[in-house]
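Some structures to go through are shown next.
Consider the two complexes below, in which chain A is the common component and chain B and chain C are the respective partners.
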Partner chain A sequence: MTAVVSTELRAVPAGRENGERRRSNYLAKAYPLWYYLPAGLLFLVFFAIPTFASFFFSLTRWSLFDWEFIGFENFRQFLSEPQLIGSLRNTVVYAFLTSGAKVVLGMALGLLLTSQIRARGLLRSLVFFPVLVSTIGVGVMFTTMMHPTDGLINTALAVVGIEGPKWLADPQLALISVALVDIWKGVGLATVIYMAGIVAVPAEYYEAARVDGAGAWSTFRRITLPLIRPATFTVITLSLIGGLRSFDLIWAMTSGGPGFASDVIASVVYKQYQAGFYGLSTAGNVVMFLVVMLIVVPLNYFMRKAEVDQ
Partner chain B sequence: MRNRIRVNVVSALTLILFVIVFVVPFLLVLVNAVKDRQESSQLNLALPTSFHLVENLREVFQARNYMLVTAMVNSTILTVASVTGMVIVAAMVGFVLQRRASRINGFVNAAVLMGLIVPPAVVPTIWVLQSLGLFKTLPGLILVEITFGISFCVLLFRAFMATVPRELDEAAIIDGCGPLRLFFQVILPLLKPTVVTVIVVQSVAVFNDFVHPLYFLPGEENATVQLTLYNFMSQYSTQWNLLFMNILLITIPPLIVFLFFNRQIVAGMTSGAVKG
Partner chain C sequence: MAFSRRSLLMGAGSAVPVIAITGCGGSGGGGGGTVTFLVDNNPNNIAASESLIAAFNESQTDYEFTMETRPGGTEGDNLVKTRLSTQDMPDAFSYNSGSLFQAIRPVQNLLDLSDQPWVDRLAESFPDSVSVDGKVYGVPHGGSNSGGVWYHKPTYEELGLEVPLTWDDFIANAEAAKSAGKHGVIQSYGETYTSQFLVLADFHNVATANPDFAEQYTANEVGFADDPTAFRSFEHVEQITKEGLVNEDYVSTTLEQALAYLATGEGAHYPFFASGISEIEANHPDQLEDVGFFALPGDDAATNGLTVWLPNGIYIPGTAENPEAAKAFLAFVASAEGLAAMAEGAQPTGPYMLTDVPLPDDVPTAIRELQTYFDTEGATTPALEFVSPVKGPNLENILIELGTGSIDAKTAAQRYDQDVEKQAQQLGLEGW
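Up next, the complex of A and B:
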């Protein structure tokens, strides 16, 4: 009993022995640990168990009712079939493309919309609203706008005498076209994150820089950029995680086509699931898990370290 | 003076650019939603020569045996139930996590982080739902949505709990308040701003969710509004006016939320993001 109490107390600020005991008693009563139970139970049943089960079932041929252990066959198939390995490459390209663009554009728009510009409120609302619109709706909207002949984009380009590309119908361009729409929809979130970061920079720094005769560029380079680093890290992490998992926009706009040109891991997972290859589909999920972990975890580590070093 | 002119010019150019990039796509939807089939098939921004608002509305609602009506009912139930569940369950975690230093806090924090990063394993989740008899049921999907939303909500609640003074808890306890009353009658009312933020952000997320209903709630009688739009996409690929009308309809709820809760949404998304 005493052992339990003393370990529980370690984190509590030191006091007299008697006071400590009373305090831990009151803690146990006022902040009962069973408050974790509902969330913990849901998390265990619908998240932890499926995640652990996925490692096992990815090694099987599986029909939900029975399974046959086949070792790494699913992964071998995943890595050897061109369309499947292509989805891996597409996922990484898509994630880095959208993430990079959201950093650059989000930062630029964040700076613009915190400057002296007029109608700031309206501009902020305009750039942020797409974040809240249904992804499928956005997908349909832009599928029509990217229509090779009748679409709004290419008719507008034709007016100025440019023959627009075929966008979604062009295998070389399909993935990039979807990525552009993803950027259009997501840049608002990056912008508001940057705006929060920029506004939080103390005004004294800018005054000191002005007094020292720093120009606009060096003020940005030496003051704004380092001080909004947390915002940059957030945008990168969020958009990478989102980009590596992305499914709905791609599915609504191209369904992975033309051919397999814009397939990503998540769309392969869905296709294999639909085709009844549950083991292979789960292996795809595990591959996605590994890719996310391999990219996001080291990145987070380095970014945290950079933040501490600062 | 010169500076002011420059600001005006930059402002005007930015506004024009923003209107082209961010307003025109929505305008396209709006204009084409009230056109007839033939006019809308040109997919352009020309104003409609005749208005078919009521006609298109009726047709969209009647399609596939009033599927959109079913979908709206389903989506409403799903959103309300999931968000209610998330708020209660996550607020409880955030409350204890911030207030009490226990041995399992490290574990809880790790779980929250995992919930944000790890992509959910789809087919194994179906397998779990199947063995619980919850696959293809609305309650099953609600539980899944709550689970996937918990992490984000816990972060918000924990951050806000830190601003509620402990003395308040102590005063309540001295006055003889039990743990349940302490949480539900003293703390939860104080968390109201965060509760509003969580409700708004997660309602939009659940309402717009496409992937989870697609996997965990297949079947026409169970459709949600996002699935309905997706199904219409294949069925009405030549009737753009109806498709656009459908988009218009499902964009209205987020638009209303945005108009009233703009500040809470932005606060929620940036604070949750900064902590994540």
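Up next, the complex of A and C:
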């Protein structure tokens, strides 16, 4: 889709630019700067000021009652936590695992649900349904189902003679277990994005390919895959950012446990806030902001470039 | 154009201080002679407070008290701090004594109660936990609590065991129970805070070995990794899990399941609070006399004794609208009538902190037996969190890491010593 739009833009004749300027002059008269004031004030009070305040408080030891300026001590403290390395690794593992799985599964389901199969409408709603359920509800439900001895999953596995793993109670497996639930819950959204992308591919391309004698695989490889690239980028961006700052599901299912086995940056920050280390946890938030930027900004740049190249 | 983008931004910037968010002050106590008492939402505390308020309102005609509840745990900590810092605190509120009390800046936020008549009647161990620089800020809210080991009495009779006075005897008993097909020691990491009792309830033993531990700990002169007795409690956690004395599903077991194991005799021991009695009473009323409680044993049978959790304090904020009413209420809380009224709502979980008020007659045997420790000279010690403000937030999870075999006892103790640094610095203590 984007490819089509950008060719159109490139085709704009140079003579139109004058008209554009006249139009923006008119816009400036009809909508003076005053109109920005309410939105600008809201933005300033609720977003800009808190953001700068948090940068400031991350440099202080803050008890809500008073604060003391301590420079970068909070960042030193935060980055020297023995659990931080583990939680950084967990954050990255969790984000890339869920994002990758959502791309692959979302694409597969998208292809399946746009093909001519029975009960397509029903299947589409079934795949999307988990997206609509509250994350905390999903977390509580799966925590019960994943109980090592009494849970539904392991009792079902026991019926067929398999001794199920301990899921959330096993420090090696806890993060993966939560990631699996996240994938189950989030794949519906990825599927819908892919379905939209697949439907938008013009049918002529497929007809031409068929005339040329292309098989199902090469049709997918050479036509579908490149043309749904914008959908892939959207899914990657959304799920990666979601995964990097993921908190609610992890907190509902393991609270970062057992021990610190499934801690991510967001849960470490939350625990520090709970403990009353307000300056320190604010510094943690600044660190998280930087980590997300560090991963997402280059990724976004790369994907934009790839899109334009198309 | 009438004005530029720059002037717009400057105008907006100077307008901000005027409309900056103001605290929602002044709505604290409510008007019209009613006074509010803020208490955490533990069901027992609610029941006891309802009965207390009803009795107080009946005992006098000047003031009408009502109750407001707040969440417990760390969420409650933040709520209390926020309401104090926005001057929005009701006229009387219940909150932890000891280290958490120190963290709400008592001198700045609370009313000095040193001149109240009940101060002289306080049990010796209590005033320090609600005092700063010798000034008392709170009245004890109900009975004390203790940390130790619950045991199943019929199992002990069946196997011919005796209440252990040393850690080695305790392990021998746990092994005997395990050989009889029971869980030697129940652990319940599904409720993370329950992982801490083998360490926190061991403080009596630490303090008998080194009476100055709390002081040196506060001054950063000693830690869990380098004090031999304190370090032993970390080794205990490693020992019971490594030797397989615990229930198989201990990583996901919840408090409720753990108490069910204990009450039904599936497990022989469970290290926990004495206050677990109220859950046992609610869920297993017929087994109430099947459970007993002993102090966590250390190395020396001669110095066996109990680690005691002091009750919450009830405090009056400096911004109270009706301090006289609040003071009258606190005096009632410290009276025999007030304590009896609370006991009607929910029974106390241990002896009172007022020297002249005994426990009611109808408390379960396990709780009444605690009085023996209190009556023996030197057999009770307040838990570390009441004598030192230094307590790290991650002890429970560090112990779970240790108990699940991710790290060893030495690493766990070192990590905890590092964890408390943040709290000490936050409080601005010297030597950190």
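The rule we apply is simple: the second predicted complex is superposed on the first by the 271 of 310 C-alpha atoms of A that agree within 3 Å, B and C clash if a C-alpha of one lies under 4 Å from a C-alpha of the other, contacts with A are read in each partner's own complex, and residues count from 1 in each chain.
What we mean here is this: contacts are C-beta pairs under 8 Å (C-beta built on N, C-alpha and C of every residue); 3 or more make two chains touch, one makes a residue touch a chain.
On a predicted model such as this, the values are computed, not experimentally measured, just so you know.
Chemist: Quick check on the superposed pair: does A:A208 touch chain B, chain C, both, or neither? Answer first, second, both or neither.
Modeler: neither
Chemist: Now for A:P82: first (chain B), second (chain C), both, or neither, which partner does it touch?
Modeler: Second partner only, chain C.
Chemist: Contact-wise, after the overlay, does A:G276 reach chain B, chain C, both or neither (first, second, both, neither)?
Modeler: After superposing on A, A:G276 lies in contact with chain C but is clear of chain B.
Chemist: Where does A:L33 make contact in the superposed view: on chain B (first), on chain C (second), on both, or on neither?
Modeler: A:L33 sits against chain B and chain C alike.
Chemist: If you stack the two complexes on chain A, which partner ends up touching A:L64: first (chain B), second (chain C), both, or neither?
Modeler: Both partners.
Chemist: Tell me the contact category for A:I49 with respect to chain B and chain C: first, second, both or neither.
Modeler: After superposition on chain A, A:I49 lies in contact with both partners, chain B and chain C.
Chemist: I want to verify the contact counts: of chain B and chain C, which reaches more residues of chain A?
Modeler: Counted on chain A, the partner with more touching residues turns out to be B.
Chemist: Using the touch definition from the top, say if A:P148 reaches chain B (first), chain C (second), both or neither.
Modeler: In the superposition, A:P148 contacts chain C only.
Chemist: Using the touch definition from the top, say if A:L189 reaches chain B (first), chain C (second), both or neither.
Modeler: So A:L189 only meets chain B here.
Chemist: One more residue to check, A:S125. First (chain B), second (chain C), both or neither?
Modeler: Only chain B; A:S125 stays clear of chain C.
Chemist: Take the contacts of chain A with chain B and those with chain C, and give the residues found in both.
Modeler: Touching chain B and chain C on chain A: residues 32-33, 36, 40, 45, 49, 64, 147, 273.
Chemist: Which bits of chain A are touching chain B when the two form their complex?
Modeler: 7-8, 11-12, 26-27, 29-33, 35-36, 38-40, 42-43, 45-51, 53-54, 57, 62, 64, 112, 116-119, 122-123, 125-137, 140-142, 144-145, 147, 150-152, 155, 184, 189, 192-193, 196, 230-231, 234, 237-238, 241, 244-245, 247-248, 252, 266, 269-270, 273, 278, 281-282, 285-286, 288-289, 292-293, 296-297
Chemist: Quick check: in the complex, which residue numbers of chain B touch chain A?
Modeler: Residue list for chain B touching chain A: 7-8, 10-11, 14-15, 18-19, 21-26, 28-29, 42-45, 88-90, 92-93, 95-97, 99-104, 108, 111, 115-130, 132, 143-144, 146-148, 150, 154, 169, 173, 178-179, 182-183, 204, 207-208, 210-211, 214-215, 225-226, 229-230, 233, 240, 243-244, 247, 250-251, 254-255, 257-258, 262, 265-266, 269-270, 273-274, 276.
Chemist: In their shared complex, at which residues does chain C touch chain A?
Modeler: Residue positions touching the partner: 1-3, 5, 8-9, 12-13, 15-16, 19-21, 74-75, 77-78, 81-82, 84-85, 103, 105, 108-109, 189, 192, 249, 251-252, 393-394, 397-398, 400-402, 404, 406, 415, 418, 421-423, 425-426, 428.
Chemist: For chain A, which residues count as touching chain C in their complex?
Modeler: 28, 32-34, 36-37, 40-41, 44-45, 49, 61, 63-65, 68, 77, 82-83, 147-149, 166, 168-171, 255-261, 271-277, 280
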